[in-house]
Amino acid sequence: MTYRVGIIGGTGYTGSELSRILCRHPDVELTALTSRNNAGKSVVSVHTFLQGYTDLKFTAKIDETPDLDLVFVATPYGVAMNEVPALRERGIKCIDLSGDYRLKDPALYTKWYGKEHTDPEHLAEAVYGLPEFFRGKIRGADLVANPGCYATSAILACAPLLKSGLVYPDVIVDGKSGTSGAGMVPTPRLHHPTCGASVIPYSVGKHRHTPEIEMAVDMFAGTRPKVVFVPHLVPIVRGILSSCYFRLKDEADDETVAAVFRQVYGKEKFVHYVSEPSIRAVVGSNHAQVGSKVIGDRAVAFGVLDNLVKGAAGQAVQNMNLMLGLDEGAGLDYPGMGV
Amino acid sequence: MTYRVGIIGGTGYTGSELSRILCRHPDVELTALTSRNNAGKSVVSVHTFLQGYTDLKFTAKIDETPDLDLVFVATPYGVAMNEVPALRERGIKCIDLSGDYRLKDPALYTKWYGKEHTDPEHLAEAVYGLPEFFRGKIRGADLVANPGCYATSAILACAPLLKSGLVYPDVIVDGKSGTSGAGMVPTPRLHHPTCGASVIPYSVGKHRHTPEIEMAVDMFAGTRPKVVFVPHLVPIVRGILSSCYFRLKDEADDETVAAVFRQVYGKEKFVHYVSEPSIRAVVGSNHAQVGSKVIGDRAVAFGVLDNLVKGAAGQAVQNMNLMLGLDEGAGLDYPGMGV
Amino acid sequence: MTYRVGIIGGTGYTGSELSRILCRHPDVELTALTSRNNAGKSVVSVHTFLQGYTDLKFTAKIDETPDLDLVFVATPYGVAMNEVPALRERGIKCIDLSGDYRLKDPALYTKWYGKEHTDPEHLAEAVYGLPEFFRGKIRGADLVANPGCYATSAILACAPLLKSGLVYPDVIVDGKSGTSGAGMVPTPRLHHPTCGASVIPYSVGKHRHTPEIEMAVDMFAGTRPKVVFVPHLVPIVRGILSSCYFRLKDEADDETVAAVFRQVYGKEKFVHYVSEPSIRAVVGSNHAQVGSKVIGDRAVAFGVLDNLVKGAAGQAVQNMNLMLGLDEGAGLDYPGMGV
Amino acid sequence: MTYRVGIIGGTGYTGSELSRILCRHPDVELTALTSRNNAGKSVVSVHTFLQGYTDLKFTAKIDETPDLDLVFVATPYGVAMNEVPALRERGIKCIDLSGDYRLKDPALYTKWYGKEHTDPEHLAEAVYGLPEFFRGKIRGADLVANPGCYATSAILACAPLLKSGLVYPDVIVDGKSGTSGAGMVPTPRLHHPTCGASVIPYSVGKHRHTPEIEMAVDMFAGTRPKVVFVPHLVPIVRGILSSCYFRLKDEADDETVAAVFRQVYGKEKFVHYVSEPSIRAVVGSNHAQVGSKVIGDRAVAFGVLDNLVKGAAGQAVQNMNLMLGLDEGAGLDYPGMGV
């Protein structure tokens, strides 16, 4: 059986990466991509890299397309919560990549996203889509909130240690991200002369992935850590490295800490514990790498991924696979670039 | 049927990219990777990005592995011609990625590669492996000389125009390459502080791909152009752009020139004529893009590809598919990164 | 004596680089910087790198400042020609960095800049400010048209050869520029995810520096070459390399060609003939490097400079020094970064 | 009076940057540069960016040059301590940039540098050359240990806060450095394809600047903090950003923390407290910027500088100026690049 899927917001980086993956997926047919500005144009005229892989045209609205099984909402936050109710009404499963359905508490949403949540009903039922931790719930879900890119890298590096009880529930996350994570709209900070030969801290202590990391770790580890998160823009296009600093409760050596990660990720297809996590090893793929080191009474854990794949579109497809009862790795089963 | 293939030189960038493609190929089994320095180690311990994709260990010599159908020779030039005779003796098909079997004339080899060719017999029978131009011969070949990365980008951009007769057989190729094209051995020029914020012309008028471009164009177009080729190192890891300058014989407009390319590449899976060729559109894939523009009595053509894929390992697998009677795109059928 | 100078357009990259140089100049006082958006703010609050070097505040208009000896017009083209007449009326010497006064023929201006020239009177008297070639005229000038960045690099590499008669008056200029040359306004092409890991040809055959190169070479060499110019954006912030391709009239060797350049630049402070021109050698300084190589019946010449210094603000200060009777290198006498 | 100075190790990045500064210094004459490999060659033949600024030739040994007032030792660590005794014997003041004279405790040297210290006598008298904190001692010193690049950025960001008592003496330093900090010898990690599109943590918990930061803070603040330091390589050539994380003892707001820094650096020429420290603002200059932010019960402080200038050669010249009784900013008084 082939499922029919659509994307709302098909021109942005996330939508474009979703198209890239879905046009090669063995079990789904990419049936609709919406774009206000490009409605009526062929997708390959905008995304030339898809030439040979799709004959689709952009449509203005998703409801022009009948019989959709699942829709990815790849809009800016604040827009998604206006789209999801109608889709759910039509019985269409949804994966939201925007952030609108991540924070379970509407008050937290208002605090960090700066607006009222207008769809608290679906917010309540949305499942946080980190498959390695919440696979079971995702399988039965109709609405999945796809995690943020920084958040995924940090949660993968932090949650096992926090669950293990080896460290105090208090973590400093120093994030370094490639520029594609900030989206396709040109801004002064993303202007090449500004960021192309620099490292730029931003949203210091105010980034929206902070409460998301706290919430997700809590759900997995049963303890809500205090997270200090400082993201930095680095001059690469794809890739995130999160360096996460903990205080150990008791003495522990590298092997003890490593064992915690191996235990959690040993059988995972897409998350790997390695001695030296490397952005180049995962870029272009849905794989993530995690590493760790003990430094005196501290431990540092590293989480590495491609922000557009495991940090966005790839993980969304992984979630889709689970929601539709497909093989979890379908359409995603290729290694990172290496070089 | 599954074919058994091996790689001589499995740790370099080309060998590593070959592994990446072959471990996911539907019709072949990657059976052997040689490495003098890593013999006995598991491949994933060196190439962590392959975790989950292979259980192979590096071997010291290819003849430790029985029943090979085809071997990729991914050694430095000068070494390959010592490996190929024994492989052919064993009846194993070969694809040489080193340059040793590209220039049909041994004297030309000596002039540009600085040494005697020690295997003129196989040199004579080797087929130049640019599938879009020499598909028929490749299908029947036992030994294929895989084209150089710069050469592929330039030939794709130049050969159709030269064949068309619209331009004089005299072309200036200004090449810009990412650094992975230079291989994995650290050198002063590839040292990040040297090249990371610069554009560096090198081997001016002396690069080995010069006679290769001339020869391949001659074979396809029936006319041997005079090529001036100046390569430049640019601070990206993957990707080549070759800007090729011609003089028009008669007045011509953009559309006339474009028609030449569309005629040649219109049905090709991996080569596309587009209005604005883009490195990001092809990086990570076996696709190449070509574009052109008329400027007064001149025409410029652009060729763009990923130097490690269509410029090396991907094209080699495309050749393998032809040699083994498989679907030409098997294992290569995915789009470029886009972003 | 200290001269009082001002800058119209003090927030853009050119204005900012002018401030950087002028605040340390021994013979002038930077007296005014205009900025519509920042009027009233201290300069260092916008340009934090100038902390300790100026107490100035931005003003809305240059006529708020009395007794100016010279003004740099660092506005977009089309705006400068509205500013210059009033300044000249007040007897203030002007250096225009915008392009409005470069092309002597108003019809050419209309063709390439897409608008009528509204100040043909001053256009007629403007001197093209390339000191190495037109030093004498610049000394007596009241209005100098500061050359474009690409144009400077190409002219320095081309003009001596064209004057020598060794080559035909027909040149292909393949330009590679850092991103700061495109100015401080964020655009899709300058967005880091677009350009940060790519090389992008643009304005193919349509760049405004094309007729400028032809005109300047003509003025210096007495022969108007036909120029084909294709600029490429490369992922560095500062720096230009222009690779210029010629056909030799007669056989010539490297030394003959080199001698031409040494003859022209041997006594120059800021232009150097070297065997391997390097962007890193000149970045951050007013120095340019030129190199050359014979390839069969072709010659290639390279021109290298920092687009914001010798390609804009530095050369403007060099022109100012000449116009005010100061030492030509005053305020500019430091080497490039090297690393 | 003009002082005669020399450099041992004149070809490396630090030696080259020292030459760049010293050849323009108003009060000293650069009299000798040693280089084993380049002895006898003119300096500009190796460092083409110095053309026009020096006529020196490299010499094999510093003792070929008479009447030196001061020598910079820019060798690898372990070599410097073999050079200093003879220089001091001759009465020559020394500034060591290698690390050999930074850690006052020889046992600590052995632990972190992996060898015995062979010159404990001079180690005992060496002054740690961070002018903003130890100006008085540097003035009278004959031997100055020039601080490390990471160390300088971290100490400038950490020491004031630790002295203030607002934070606990326990700090996490997440360092991000450009590649020139690692020196000019090509290595696999510095190979462009490895590091040019990645962020790479290295020497995790084992970097030699860790004890240096602890020691220097102790000397300035009277309290020895526990430092966890993780350096990361980022794909820029020059520039360091250190992000330093503290726990506040009591509640404090941004202004309270900022006041601490303003108090310490308010009158400094080269260190500036700004709201958004920027690598581009300081690159190419001896300036450093510091910033801070309170995040709940944590504070983060940022330190930013050019690793080759304020992080090495510039700071060394600043120390020289103090040692020779010159103006502290002589030869260093220019702003950063800005763009």
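Which chain is which? They are A, B, C and D, in the order written, and residues in each are numbered from 1.
Assume a contact is a pair of C-beta atoms (placed from the backbone, for glycine too) under 8 Å apart; a residue touches a chain by one contact, two chains touch by 3 or more.
Remember, predicted model here, so these are calculated numbers, not experimental data.
When the CA atoms of chain A are superposed on those of chain B, the rotation angle is 180 degrees to the nearest 5. Of all chains, the one whose Cα centroid sits at the greatest distance from that of chain D is B. One inter-chain figure worth recording: chain A and chain B are separated by 35 Å, centre to centre, where each centre is the mean of the chain's CA atoms. Per-chain Cα centroids separate chain B from chain D by 45 Å. Look at where the CA atoms of chain B average out and do the same for chain C: the two points lie 40 Å apart. Residues of chain C in contact with at least two other chains: 13, 180, 193, 197, 235-237, 278, 280, 339. Contact residues of chain A toward chain B in the complex are 13, 16-17, 20, 23-24, 47-53, 180, 197, 237-238, 269, 272, 274, 276, 278, 280-282, 284-285, 287, 289, 308, 333-339. By the touch criterion stated above, chain D contacts chain B in their complex at residues 13, 178-180, 184, 186-188, 190-193, 195-197, 235-237.
Within the complex formed with chain C, the chain B residues making contact are 172, 174, 176, 193-194, 197-201, 204-205, 226, 228, 230, 232, 234-237, 239, 241, 243, 245, 278-280, 283, 293-296, 298, 300, 302, 339.
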